[in-house]
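Next come two complexes, and both contain chain A; in the first it sits with chain B, in the second with chain C.
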Partner chain A sequence: MKILVLMKMVPDIVEELEVAGDGRSLDQEFLRFIVNERDEYALEQALLLKDRLQATITVVAPEAPEVDDVLFTARAKGADRLIKVTGLPAGAGARATAAALAATLPIIDGVLPADLVLSGCQSIDDLDGFVAPLLATALDLPYLGLVSRVAVDGGKAEVSKEYAGGVMGRFEVTLPALLGIQGCEKPPRYVPIAKVRAAIAAGGIEAVAAAGGPGMPSIEITAMAKPEAAGHAEMLQGSAREVAEKVADILAARGLL
Partner chain B sequence: MAQATVLETPDLTLDGLLATPEGRALLSCIQCGTCAGTCPYGEVLRNTPRRLIGMLREGFIEEVLASDDLLSCVTCYDCWAKCPRGLRLTDVLLPLVKEQVLLRLPQVPAELQGALSNTMRYGNPMGESPRKRAAWVETAGVPVPILRDLGRPVDVLWIVECYTAYYPRGQENARATARLLHALGVDFAILGNEEKCAGECARLVGEKGLFDTLREQNMATFAKYEFGSLLTSDPHAFDAFRFVYPALGLGNPVDHTTPFVASRLDALRPRLTRELGYKITYHDSCVLGRHNHMHDEPRRLLEALPGVSLIEMTHNRDNTICCGGGGGGMWLDTFYKAKGHPRLSDRRVEEALETGADVLAVSCPYEVPRFEDSLKVLGGDDRMVVRDVMELAAEALAE
Partner chain C sequence: MAGNVWVVAEQWKGSISDATYEALALGRELAAGLGARLEAVLAGHGARPLAASLGRSDGVLCIEHPALADGTGEQISRAVAVLAAERTPALILIPTTNVSWDLLGLLPARLGVPLVNFCREATAAGGAVEFSSLLYGGKMAATISVGGGTVVVAVLPGTRPAEAGRGGAAPEIEDVAVDFGAGTGVTWLEFEEPEAGDVDITQQDFLVAVGRGISNEANVEVAEDLAAALGGAVCGSRPVIDQGWLPLVRQVGKSGTTVKPRLYVAAGISGAPEHVEGMKDAELIVAVNMDPGAPIFSVAHYGIVEDATDVLEALAEAVRKRKG
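This part shows the complex of A and B:
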């Protein structure tokens, strides 16, 4: 079984994001990148399947700062092949990104067809989660998103999705398919840094140039600004008893007590 | 009395252990069980240190490594201190075993995983921005020079360390230390945002790769500057710099803030004029106290503060009770709770409350949050406060 995992880097919001001088982009000076959290779950789901089945895992990620560390960490966890795609449009929007990936993945030797393509279902720069379904459409694969559990049996996968109110839905999909992963049955595993260091020493990331082509209409950012605070929280001061009384007064004044 | 010494072979593996003097010493274990009896989690560990040595000697290595109960070792140095054969259990044998345990764990406990990942990525276990490491300096009240900005060598490079630099209560220790260094006229600087965790707790929990990475990064930073000695607020970092980093070539003298200030007490004494009026009981930290036997220094400093009386707890000096935060224990409270382990800091605070003291003095930044939590849990927070020795000394300083 061949599993393809798509991962990407997003801005790390542990650092306060600053708008650059052009007023249309993020200030790059202190910007750091971190792997998209949902993509980590996609990799974990692939590793869980590999733990249970005969499988090989290929990880493909667009080139970005610190992406090598993410790929080597994936190798240390059990990924078999690491591919970095150079020249993909950054910040071009879901349609352009999906189109570029759809043009590029088929030209990378041995990547497609894959029995299962796993991707995070969304990211902080794709909150609508459009890239994965658009890519599935372009690759002519069935798509299921917001997936929280995957079991594979022969040529089919049983997929669970969570709905509002804790309702679970169970689907069966014929492989190959592309799944947008929201979570999986356990958190992403920890891999000791010694294993990551060994993976770094061994190397083996393949760099592949993105396919050229007509491209798709991309998003142009015309302005970027921090939200302005409309109001501030009132900080209650005083001893624990005084603060508790003030809280009780506020709740009572709003008819909540 | 066991004496801490420099770790000569920091790149030891468990496989290679028996080829080393430390490893061969295992053969001299007389299976007396003192380690098991003195271990604070001895009654809940399946493989106590005694049993573990016995199993390793008899070849039951996989059985030892398949168990997660060594995560309950909080590296309190009690087994090391009391071993009649002087075996280096806490700082050599157990970390080597834990390294293999960590490699095999199906799931590293979430809080520990978060702390280790954060330390790797951000240089601190809380996952705070590295760019904010020196943010506390703005509230120090005295100038705290950053070595890079200073552009000249300094006598003392102060490694503030993670909990002192980031944790809001820890920052009170940082501000107090800065005031004391000024009062003493010490030529000092900090690394500011270039500083990273020393990595000792990562090493002792078995995350050797993370420790190696941090050690290499810190040594590269040290190499950029000229300084006379290292000073640190964290006993764990003190141990790392004193006993493990020398194998990579760190040759500067290393001190911890408490003994550093205590050794300059004569110069400080005329400034210590503010009457405190506290009854203080001092908690010996496992690392500064039991491992380094620095028991007199904090007491000498506390006794020099005006209006202070010292009351000893039943377990003091080398017999101190561990706070449970060492060797990764700081990030394993949920794991221990799930296992039904008692919280060691509660045990320590119960004893502190029995003294009738109103201040529990400490010298390790881990102990402030651990003991403050325990005081709240035990309902003692209206009778006792936790203060670092540096905070108390700075409070006694005349303005």
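This part shows the complex of A and C:
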């Protein structure tokens, strides 16, 4: 069984975000990048399938700062092949990313057809679309998103998709298919740093230039700013003990204690 | 921007969802601004009786087809795409919920039209629409414009009150036959309800919610202790559920539950839009976070920039002291 996992880097929002001089994009100077969290679950889902079945995992990621480390970590966890797609502009949206992948994946030897393509179901910068359904449509693959469990049996997968309030929907999906992954049966596995170092030393990331393809219509960001809050909390100052006393006083005054 | 404004009605457990009415309320404003008709699109099998509840629209386009019975995004997106290609609406509003998730991903892909995601505000003037979206976990707001042609808009929950989208006279109902060549790749099997026996967080007056900022599983016990002192329960945001520290039924927000407790203590929760939609209507919100710029402080009534665990421990003690 061949599994293709799509991963991408996104700005680390734990860091302070600033607007660039053009007033409509993020200032890249101090931006740190981390792997899109849902893509880590997509990789873990692939690894869980590989644990149970005969499978090979190819990880594909657009070039971005820190992406080599993410790819080598995937190798250390059990991925078999690592591919970096180069030539996409920094901050390319979901549309541009999906269009580039749709044009590039078919021309990389041995990547397609894959039995299963897994990608995070969303990311924090999906302003103009979602890569997974855009790519599924371009590649003419069935798509299901918000998936948190996958079991493969022959040419079909039985998958669970999250609805609200803890309700899960069970679906049968005919392979090949593309699934947008929300979660997993368990958190992404830990890999010792020594194994990552060994993967870095071994190298083996294939760099492939993005192929040109038909663009997809997109949107124009005319301004970007920190959101104006409708309101703001009254901030309580002091040590943990002091603020706890203040909160308890507020709760008592409101008849909550 | 020529064409009508559509809202794709979302069905969940046999009813039209609140998120649909919220989108209808926004759609009503946009239709007025564009001088267009507001139409609800109801796609299903045996769903037609629900059309009567979409009276805030000027008309309901009913697509009835056996292949739409299970409500998968694969099928609904095919049906709506065929109809939209024929009628070229200006805007197609879709609620951003787990029920409509696949539809809002697939519909713009099938139509080859733009998507405005994370939309929290939209205004129509002079024949054009300007959108405002939250991205980067709610840390940035983008103002967006789109060229001519149909645009699909993913409307964040809470953009308008659901009440503003209810009521109205009996809508005009148009039955439309759509030949959409149903796909066969995705088949719905069943819904699985969560196992009974766990706490129902929608019924709690006091909730202590924990997020990524509590750092490790042992600190869930600290939150449990405060919840016990208050007489409530612990719930969480997505990262805590992902780690397996709390079950999915304890998740607040998208994929989870909407809660309206008397007190909501948000500990180590940044306040991403997906979480805020599930708790913003709590009577009193107290947020603790190490990041003074965390979006949670714009919805909380009281805010504390401190280590969440330290404050939860101290608060449990202070509460117990007052309760004697």
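Note that the second predicted complex is superposed on the first by the 218 of 257 C-alpha atoms of A that agree within 3 Å, B and C clash if a C-alpha of one lies under 4 Å from a C-alpha of the other, contacts with A are read in each partner's own complex, and residues count from 1 in each chain.
Please note the rule applied: contacts are C-beta pairs under 8 Å (C-beta built on N, C-alpha and C of every residue); 3 or more make two chains touch, one makes a residue touch a chain.
Worth saying up front: this structure is predicted, and the values here are computed from it rather than measured.
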Contacts of A:Gly169 with chain B and chain C, given as first, second, both or neither: second
First, second, both or neither for A:Phe30, with chain B first and chain C second: first
Comparing the two partners chain B and chain C, which touches a greater set of residues in chain A: C
Partner chain(s) touched by A:Ala194 [first = chain B, second = chain C, both, neither]: first
Chain B versus chain C as contact partner of A:Lys186, first or second or both or neither: both
Partner chain in contact with A:Arg52 - chain B first, chain C second, else both or neither: neither
Common interface residues of chain A - those touching chain B in one complex and chain C in the other: 14, 16, 186-187
Contacting residues of chain A [partner chain B, same complex]: 14-16, 30, 34, 186-187, 189-190, 192-197
Residue ranges of chain B touching chain A (in the complex, touch as defined): 99, 102-103, 105, 107-108, 110, 113, 116-117, 120-122, 127-129, 131, 207-210, 212-213
Residues of chain A defined as touching chain C within the complex: 11, 13-14, 16-17, 19, 24, 26, 41, 95, 121, 124-130, 132-134, 136-138, 141-146, 158, 160-174, 177, 180, 182-184, 186-187, 216-236, 240-241, 243-245, 247-248, 250-252, 254, 256-257
Sites on chain C touched by chain A in the complex: 12, 72-74, 97-99, 101-102, 105-106, 108-110, 112-118, 130-131, 133-147, 149, 151, 183-194, 206, 230, 241-244, 247-249, 251, 254-257, 262-263, 270, 284-287, 291, 293, 295, 297-307, 310-311, 313-315, 317-319, 321-323
